[in-house]
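The two complexes that follow have chain A in common; it is paired with chain B in the first and with chain C in the second.
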Partner chain A sequence: MGVFNYTFHWRPAFQALPAMLEGALVTIQLAVLSMLFGIAIGVVLSLMRGSKNRLLSGFAVTWVEIARNTPALFQIYIAYFGLGQIGIRLDSFIALLIGITFNNAGYLAETFRGGMRAVPPTQTRAARSLGLSAVDAYRLIVLPQMFRVVFHPMTNQMVWAILMTSLGVVVGLNTDLTGVTQELNVKTFRTFEYFAIAAVMYYLIAKFVTLGARAIAWRLFRY
Partner chain B sequence: MIEIERVKKSFGSLTVLDEVSLSVNTGEVVSIIGGSGSGKSTLLMCINGLEPIQGGRIAVDGIEVHAAGTDLNKLRRNIGIVFQQWNAFPHLTVLENVTLAPRKVLKMSRAEAEAIAVQQLEHVGLGDKLKAFPGKLSGGQQQRMAIARALAMSPKYMLFDEVTSALDPQLVGEVLDTMRLLAGEGMTMILVTHEMGFAREVSDRVAFFKSGKIHEIGSPQQIFESPQMPETRAFLNSVL
Partner chain C sequence: MKWMPLAATAALLTMLTVPQAFADKLDDIIASGVLRCAIVLDFPPMGSRDASNNPIGFDVDTCNDLAAALGVTPEYVETPFPDRIPALVSGRADVGVASTSDTLERAKTIGFSIPYFAFEMVVLTKDGLGIESYESLKGKKTGSVSGTYEAIALEKDVTAWADPAGSFQAYQTQADVFLALAQGQIEATVVTSTVAGATIASGNFDGFMMGGKAPYEIDYVSLIGLRGEYGLINYLNLFVNHQIRNGRYEELYKKWVGEGEPPNLMIPGVYY
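Now for the complex of A and B:
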């Protein structure tokens, strides 16, 4: 018996495809929700960071520093076990969602800050000089230009969010793609087959996001 | 008419406008000349309320620009301004740049706004660039588009802030031609400019600015041929 006497058994592995696809849907759901919350919080953080109030800017800076300079795994642990120890017991799904949202918001806050700087104040001035209200100037002139600058970093973060959801396995999540795969693995020990299929699924989801983003960018940013 | 009375403006401890007074009548073209940093451009920004003032008053058609409660968005419909760095909106086509304010501020329909925009763009010689994005235009074309954009609001007054200073020399002529056209049509204009020949040609009056003050104001003949103040003479000698 050599080391490499592993025989591939793809047939049972492929029979698990429907279950894994269901897991993939949970993965996508987690990534999308964490991005939506991440964008909303990221915008608020980037505004807070520019605030003159030291408390507000300090809070935003701390958030960004921790999110960008500690492992995502650690951030998810804190959301699950850390909060659990102080009596806040969260469902694995919610804890993972909070952990990834925390990470997304930190990265996106910096992205948005860069985006705001990328549109020169003379653009607002020109819009106001035409009689546009401050809100219209921001909505019609500043935001669309900012969106172009932040679009690609946002796409990257979305892909990263999808991949981060696999960390849910450490807080006991068994419904996402990695969770489902891991359960199949411990029941059958067909590790290579299941994880290879899961890897292909992650790849396809990520590829779908980047190609979709490219199509949107091509449609929107004609200039 | 535009009435500027003893206007004071400072950025921190730096005084930019020091009791400046100037009245511009309807149909008049007034050029402001002077060295860099003499406060010329700032005065234009104060006229349409883009910059606050610290003293004096500015009234446009009797409306106090800096009074609390003045609807600046409404006031600005009557005052077109064109900047040195043209400030085209890069994400909008030439046509969209020009229709934006008529649609959003004057609430015109798209068709109405486009009819006016096309007319104004043809006026400045850009009738064939409607669907182009500003990034595809030369500086001179972008600057003419900015002029059309301001004109589409049918302003009563046009302010030009060194509009040819950032242009390559061979593109200056086309922009000056557009302004010459406007002056000929009787538009009330205040232009801050370094183009002395042009100021002399189109202006009814020329004002010489130095250190935030109007040192001398008079007809182009007076200012360019027999300036009264030594500062004016020194400045003209250095630029002509």
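Now for the complex of A and C:
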């Protein structure tokens, strides 16, 4: 017997494209929201980590350590079933969003910290000596340079966020691309067709993000 | 005739080699001495694990019987519900003894034997939620195991009711559905009467109770093999027939489900 005892049924599989595209929109929505929240929390965490207050820096270190050293699957599962155990019942979408945001924030906090350090303190001093206020020096000199450094790691995290949304099925999400695909799969057992289409969609979304980011970087970061 | 010995040799070679080329799955199983059964082990009493983690249940015993009939050793490939068919198609398992509902949609992809068991569906809920019948699921948060017969039927009804307060969640395993029900993520699920009975009896979940019968068609389940493996499917059909003929079906029902009549596997008024 061959390894692949299977004949592809592409025609019925392609009929599911509209449903899968709708799922892809939910996936993009989740990834974008988790990045926006993740960036905001990440900035706060990186500032907290640099703080002299032991409580604040301890909190930030703990967050970053858990987010970076445990599986994203575990973080999402905890957001749904872990919190559920203590009576906090979240919707699957929200639990997944919290799980991915938690992960994003942890990684981005470290990215931002590294980005801050990459801008030499002499830049601030030079800006101040040229007469810029502290805020202006930070806003006009430090942040643009930091942004240039962290832009590509941020793009990577965005791609990673898109791929992480596929873990929503473990907490009962059935509206995102993987959720829709899995439902089609179990109803028809045409696993390979649907998963292949889903894989192509994930690839295109991720590719669109990296190419888009490259175009933005090309516009913004020319010397 | 100088070419005669040559032709005879060629014919002999053909006879020896060609049957090899036609060896099908049934031959492969017999030759390898191992029958690999895809079995779902979070679906008591059909499949589960005992205190020392050994696979047990109606499906496990059925796999053992099938292996014994074939004269080979059984091997269990634990498979969550959604992965049953990928396990077969990718060659990780030879047959599925996994309570697989024989839907026409799935039959486009895999081969079904005649039914070897049948389920009735009931509502499983928690006390105090006011769910007493299938109709009272309207507007409730429900959930089930992705892709099962009952999940497909329940989701269809939830969609048809179109009650904004109602919802349907699909989880990947039966264990997750029970966890979600215990935690209140969902308020009710629909499961086979056998699973409901076994789960309530297990005492693992506080307050679980039956919420009446679900008005679905009887869920006939079959053994599964690759769609093109007629030799194997033919053998599976005869095997199921013998299980009933020799009383083993009734015996296994009493052992795993309890007293009473095992489900009738004949559909009145039609040939299979």
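Simple rule for what comes next: the second predicted complex is superposed on the first by the 218 of 223 C-alpha atoms of A that agree within 3 Å, B and C clash if a C-alpha of one lies under 4 Å from a C-alpha of the other, contacts with A are read in each partner's own complex, and residues count from 1 in each chain.
Convention: a contact is a pair of C-beta atoms (placed from the backbone, for glycine too) under 8 Å apart; a residue touches a chain by one contact, two chains touch by 3 or more.
Owing to the predicted nature of the structure, the values given are computational and were not obtained by experimental measurement.
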Room on chain A for both chain B and chain C (clash or fit): fit
Partner chain in contact with A:S129 - chain B first, chain C second, else both or neither: first
Contacts of A:H9 with chain B and chain C, given as first, second, both or neither: second
Chain B versus chain C as contact partner of A:V169, first or second or both or neither: second
Of chain B and chain C, the chain that contacts the larger number of chain A residues: C
Partner chain(s) touched by A:T191 [first = chain B, second = chain C, both, neither]: second
First (chain B), second (chain C), both or neither touched by A:F74: neither
Touched partner set for A:F208, first chain B, second chain C, both or neither: neither
Minimum C-alpha separation between chain B and chain C after superposing on chain A, in Å: 51
Touching both chain B and chain C, residues of chain A: none
In the complex with chain A, residue positions of chain B that touch it: 48, 50, 73-74, 76-77, 79-81, 83, 85, 87, 89-91, 100-101, 104-105, 133-135, 146, 149-150, 153
Sites on chain A touched by chain C in the complex: 1, 3-6, 9, 80-81, 84-85, 87, 89, 92, 169-170, 172, 174, 179, 182-183, 185-192
In the complex with chain A, residue positions of chain C that touch it: 24-25, 28, 81-82, 85-86, 89-91, 103, 105-106, 108-110, 143, 146-148, 151-152, 168-172, 176, 179-180, 183-185, 226, 228
Chain B-touching residues of chain A, taken from the complex the two chains share: 122-123, 125-133, 136, 140-141, 144-145, 148, 221-223
